[in-house]
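Got a structure for you, written out below as structure tokens; questions coming shortly.
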Amino acid sequence: MKKTQHLNLHQSKLNTHEFLLCIFGTGDLGRSLGQRLLQSGYKVVYGSRRPHSCGPVPQGAQVMSHTAAAQSASVVFICIQREHYGFLEQLAPQLKRKVLVDVSNNLRKNLYPEANAEYLQRLTPEAYVVKAFNTLSAWALQNGPSDSNRQVYLCGNSTEAKEAVTEIATRLGFSVQDRGSLSAARELEDFPLQLFPLWRLPLRLAFGLTAFFFFYLLTRDVIYTYATQKKDISFRIMVSLANKVFPIVSLIMLALCYLPGVIAAVFQLYRGTKYRRFPDWLDRWMLCRKQLGLLALAFAFLHVLYTLIIPIRYYVRYKIAASTIAKMKENQTSELDTTIAWRSDSYYSMGILGFGLYVLLGITSLPSVSNALSWREFSFIQSKLGYLTLFFCTFHTYLYGWDMFLRSSYYKWYTPPGYMLSLLVPSVVLVLKLLLLLPCVDRSLTRIRQGWERTEPQDDNPSIFVC
Amino acid sequence: MKKTQHLNLHQSKLNTHEFLLCIFGTGDLGRSLGQRLLQSGYKVVYGSRRPHSCGPVPQGAQVMSHTAAAQSASVVFICIQREHYGFLEQLAPQLKRKVLVDVSNNLRKNLYPEANAEYLQRLTPEAYVVKAFNTLSAWALQNGPSDSNRQVYLCGNSTEAKEAVTEIATRLGFSVQDRGSLSAARELEDFPLQLFPLWRLPLRLAFGLTAFFFFYLLTRDVIYTYATQKKDISFRIMVSLANKVFPIVSLIMLALCYLPGVIAAVFQLYRGTKYRRFPDWLDRWMLCRKQLGLLALAFAFLHVLYTLIIPIRYYVRYKIAASTIAKMKENQTSELDTTIAWRSDSYYSMGILGFGLYVLLGITSLPSVSNALSWREFSFIQSKLGYLTLFFCTFHTYLYGWDMFLRSSYYKWYTPPGYMLSLLVPSVVLVLKLLLLLPCVDRSLTRIRQGWERTEPQDDNPSIFVC
Amino acid sequence: MKKTQHLNLHQSKLNTHEFLLCIFGTGDLGRSLGQRLLQSGYKVVYGSRRPHSCGPVPQGAQVMSHTAAAQSASVVFICIQREHYGFLEQLAPQLKRKVLVDVSNNLRKNLYPEANAEYLQRLTPEAYVVKAFNTLSAWALQNGPSDSNRQVYLCGNSTEAKEAVTEIATRLGFSVQDRGSLSAARELEDFPLQLFPLWRLPLRLAFGLTAFFFFYLLTRDVIYTYATQKKDISFRIMVSLANKVFPIVSLIMLALCYLPGVIAAVFQLYRGTKYRRFPDWLDRWMLCRKQLGLLALAFAFLHVLYTLIIPIRYYVRYKIAASTIAKMKENQTSELDTTIAWRSDSYYSMGILGFGLYVLLGITSLPSVSNALSWREFSFIQSKLGYLTLFFCTFHTYLYGWDMFLRSSYYKWYTPPGYMLSLLVPSVVLVLKLLLLLPCVDRSLTRIRQGWERTEPQDDNPSIFVC
């Protein structure tokens, strides 16, 4: 029956090149959608409570009572707010076997116990409800697809109803992605409300770390110099200070991106099973590793640019000229120190290689790239190359520090230089990772991850390693 | 009936591992496709007007008359040019219930009133016409999918026919995207003909601006110096001049990317409604904003590289050495000017932050990234962060200019320096945007965008603001 | 019948919000999957050989005999290793009309003559076998989708069965891509085993070239200096030497990316047909052009960074200061040499423009970007702009060399400088490409690519050109 009806729809379209659609609601949404449908060659009839005084509708569209409108078409767009869905229960007989397209959104999440589309299905149990179009912007609904509004997600329990809606969406120029049965409606309704949920924690962390290290270094560098030497070097804030804060935050965040994986392994080793869920905080941390990594990459990118403009800065040129003139006057014949040359070149080399790998990690986290990789490939890059990146960047920072940590003059006001603080987390992560790679630990972990369980917790000697 | 037939096809394939396909036409296309089908394990039979003298066909394929070939298979590939479709009308009875795959393309757009596939459907009304494979290159059709030729688009009115073609395409190694009913055929036929349609206007604009500023600055810098001082500084064209033109064009194009949005808002405020279409030029302008922005990013990228190589240029090293020697000789003890240090560092800092955001905007305009964003997220980035980018870059340019505009020596031949011209459009955009953010203007605009209309144009006091 | 059953499933889910699934096998895979299904609101029943001693199953799941479990559900997940599939043949009557989901993977490719899923279908001919979920990591199966594990590929002969599995996958949070009939199962089973198959050859080549040029230049630069002048300049390895090796390897690999296209054209011209397959080595070479190009881009990226840090290196600052002091002392008044200025600036300019185009090529090879391009656009970029990139980079290298090749002092130990070796392949490719663009050669090639064949190989005068 359903099938036949659907094929008839098609037939009628093909024969007459006219396809009648019904819209319930003459508000902004109904009007925008109707305008677009008319432009795409459809005929549109509006259903309204007050067909004769319902406000303007797009030119070419008719307005009828809800009942008459519903009877004239087989697809009905519900452009009404959820609060007013109630009256549709009375219309249920007229909407029997109709495709009802729920395009509604809510103002915030979890406002209602069930999704709008599921509520609509409950009111009209014999209609075929399809959730669709709600993720588009109002602009795209009125004016057609644009770069960021090309994808229409839909879900519903009737395949034929979804096909009918797919056909309409395709005609309007959108491409359609089927998200399954109506139980996915809540997800679709939550989607337009989301504003970078997974980015919040990493962003807060980044801001927090940036602020902390900014004030820490401001105190140690600018204020300390002013307090002890009465010299104002505040002009160094814009570049020199920024270029200390950015790499520090970047390195810490990169390490924080690999720390939860190490902690998870320790949990599994300690518990002797992989079937128990991790604590909530670890789960949430693991879910935002990609975002942590990408923010770390952004800071690294800024660090690279800030480093590369060093030689064109007025201050640097002034200093170099002054130092050349000073050398000239003292008639010094300073020798090239090959140790310094080795160290400074290695330092830059490590930094460049680390940044290169960093960028590679960033590229493979682009959705279209990571989708094209098998997970074996993805985990090779993100884990093996990831740790290599962390190693390069940490080594780069150690080379930068060199023997600075031995000289007491660097501990101004008894505080360690910023770079030392930045080395804490990455060093811990690298050491823990090395421990996990020890053959006997690695063997235990592999067995646990293949499903093996240490079943006797009451064992007298609960060794966690299979050595 | 249709269903049954389709299932039988499947049955036969599963049982015998042989699946017979028919190709009409033994030209290049038919031959390439046949070769590929044979390699993928299908059996191929060609339909030809002159089965005994039709030229070479791939080894293993049979050649028959059109009628005999059509009867032997249930899927027929039409590898004939549209001009010769006529004879298919007589074959219509034999093609009844067959799946006809139209793979044809035209030499240019709008050559015919209807799409080739729709014409084919009209000639053979009882066949199931599917448009497919036409977007692939000849190379991919013959040799299988490659990186850029993996996607097969198809459309047609019969779901079962599309499934049969999907099955074949998947076997050939392609992945399939269904574009809806046969009415999408025109779009699919236009697709292979397109050559960056949305990039043309932005590219022309970029070339125009680049040429204008190149000659403007060539005159002001090189020719002026030669005319007034008889000094040839033409070697500065390759880097110094390029590095003035690129940032100027980049900034102007970035501003032009945000200008149409501001103009659209003014239109909506003035008209008091969002339901009237914008003028055509504005529509076209708005559609190519992404392209404008990406070109601006490309110019900014070149500007960054040209800036970073400054200190390794021969000319710059010569100048710095000369200036150091001169200072030495004059026995000057120049002081570090902290104002200049502040300004130069701020200037670089603004530039770097602006470029960082620029790159972020570029990344989010990658299709796979923008598809993963809700439009709320996308508009946050492209609009809020976009204006921030424009602000940073404009501020960067103002800091570059500093008090240059006060010194008459910079107005060579009564023309303003290039950077001043580049500041015009961005300043206008930023000021207009600030005006639109004024509470009472913003409130009016929001109401209009939510569907409200100012209905009495005959009103005595047609205030456009709801203050 | 099938249809009805499927609709009943849906009905039951909608009515009771409970959906019973069966899992055969209580090993790690079955346990992980069951846990996830339970979390997503399904009911799970396990089928086991020893229902009473089968080891732990997730809380809330039941364990039954295989027969009882199969009868209770309409979808059965086969979480058993292929070696133990045998017993399913006896269960075939109970599995009739059931959807069997094969999630198995093998330890290496080509272990068995047929895909696991095809073997399963042969054992249970009346069941609807669907291959699915095997490309996910164990982590994703247990914990739900993550960034790189969102896509579920499936294939099978029954559309209804695939729909049922799609529904489950969507509920688990995955998005589904249908890969056609069960004949695609082998491809899906090979996918998780692959580790960058197309990258191997290019990576080996890159390592080989890097190693060769590293030792070549180490000998010419560091060892030669030590041997002849007893001076240790080994500190130059980290940056100076690396920055010679990277651009050389990059340029050669970029040229190797365009060489096979040229060779293929020569083959086609010589054979006078496009219908004969290329030799295997050429086919394989052509398939990894994208990977060659991306590796070349990676090396170019490193070259750019290594170049840009030059002026902040300790060694370079030392040299510049020393040279300024030396000039000062000698009281030289060196003049600005505009030829050197032109050459050095052109050299940098070419490099920057070449790198800019390089990056553009890299961006368009991102899957989501190349999918959005018509192949006319793609071939415009990859071919036209690709050759332009090669030309810029080659020209950049020629400008770097300048008249070095004339001076015998550069031929240390009778070996040519590295940059000369790097120019060989690109020069050959550019010259060959120019020859192919000659009107009469181009015309022949175009005709051949449109399907024309030179049919008389016994011709006395086998001219390959249509001049």
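When the chains are written out, they are named A, B and C in that same order, and each has its own residue count from 1.
We adopt the following convention: a contact is a pair of C-beta atoms (placed from the backbone, for glycine too) under 8 Å apart; a residue touches a chain by one contact, two chains touch by 3 or more.
Just so you know, these numbers come straight off a predicted model, no measurement behind them.
Between chain B and chain C, two chains of identical sequence, the interface residue sets overlap only in part, with shared numbers making up under half of the total.
Fitting chain A to chain B on C-alpha positions gives a rotation angle of 120 degrees, to the nearest 5. Distance from the chain B centre to the chain C centre is 24 Å, each centre being the mean of its Cα atoms. In chain A, the positions touching at least two other chains are 308, 311, 324, 328, 366-369, 371. Here chain A touches chain C in the complex through residues 155, 157, 159, 177-181, 183-184, 274-275, 287, 290, 304, 307-308, 310-311, 320, 323-324, 327-328, 334, 336-338, 340-342, 344-346, 348-349, 352-353, 355-356, 359-360, 365-380, 382, 449-451, 453, going by the rule given at the top.
By the touch rule above, chain B contacts chain C in their complex via residues 10, 13-14, 27-29, 31-32, 35, 56, 58, 135-138, 140, 142, 146-151, 163, 166-167, 170-171, 175, 191-196, 232, 234-239, 242, 298, 301-302, 305-306, 308-309, 311-315, 317-318, 321, 324-325, 328, 366-369, 371.
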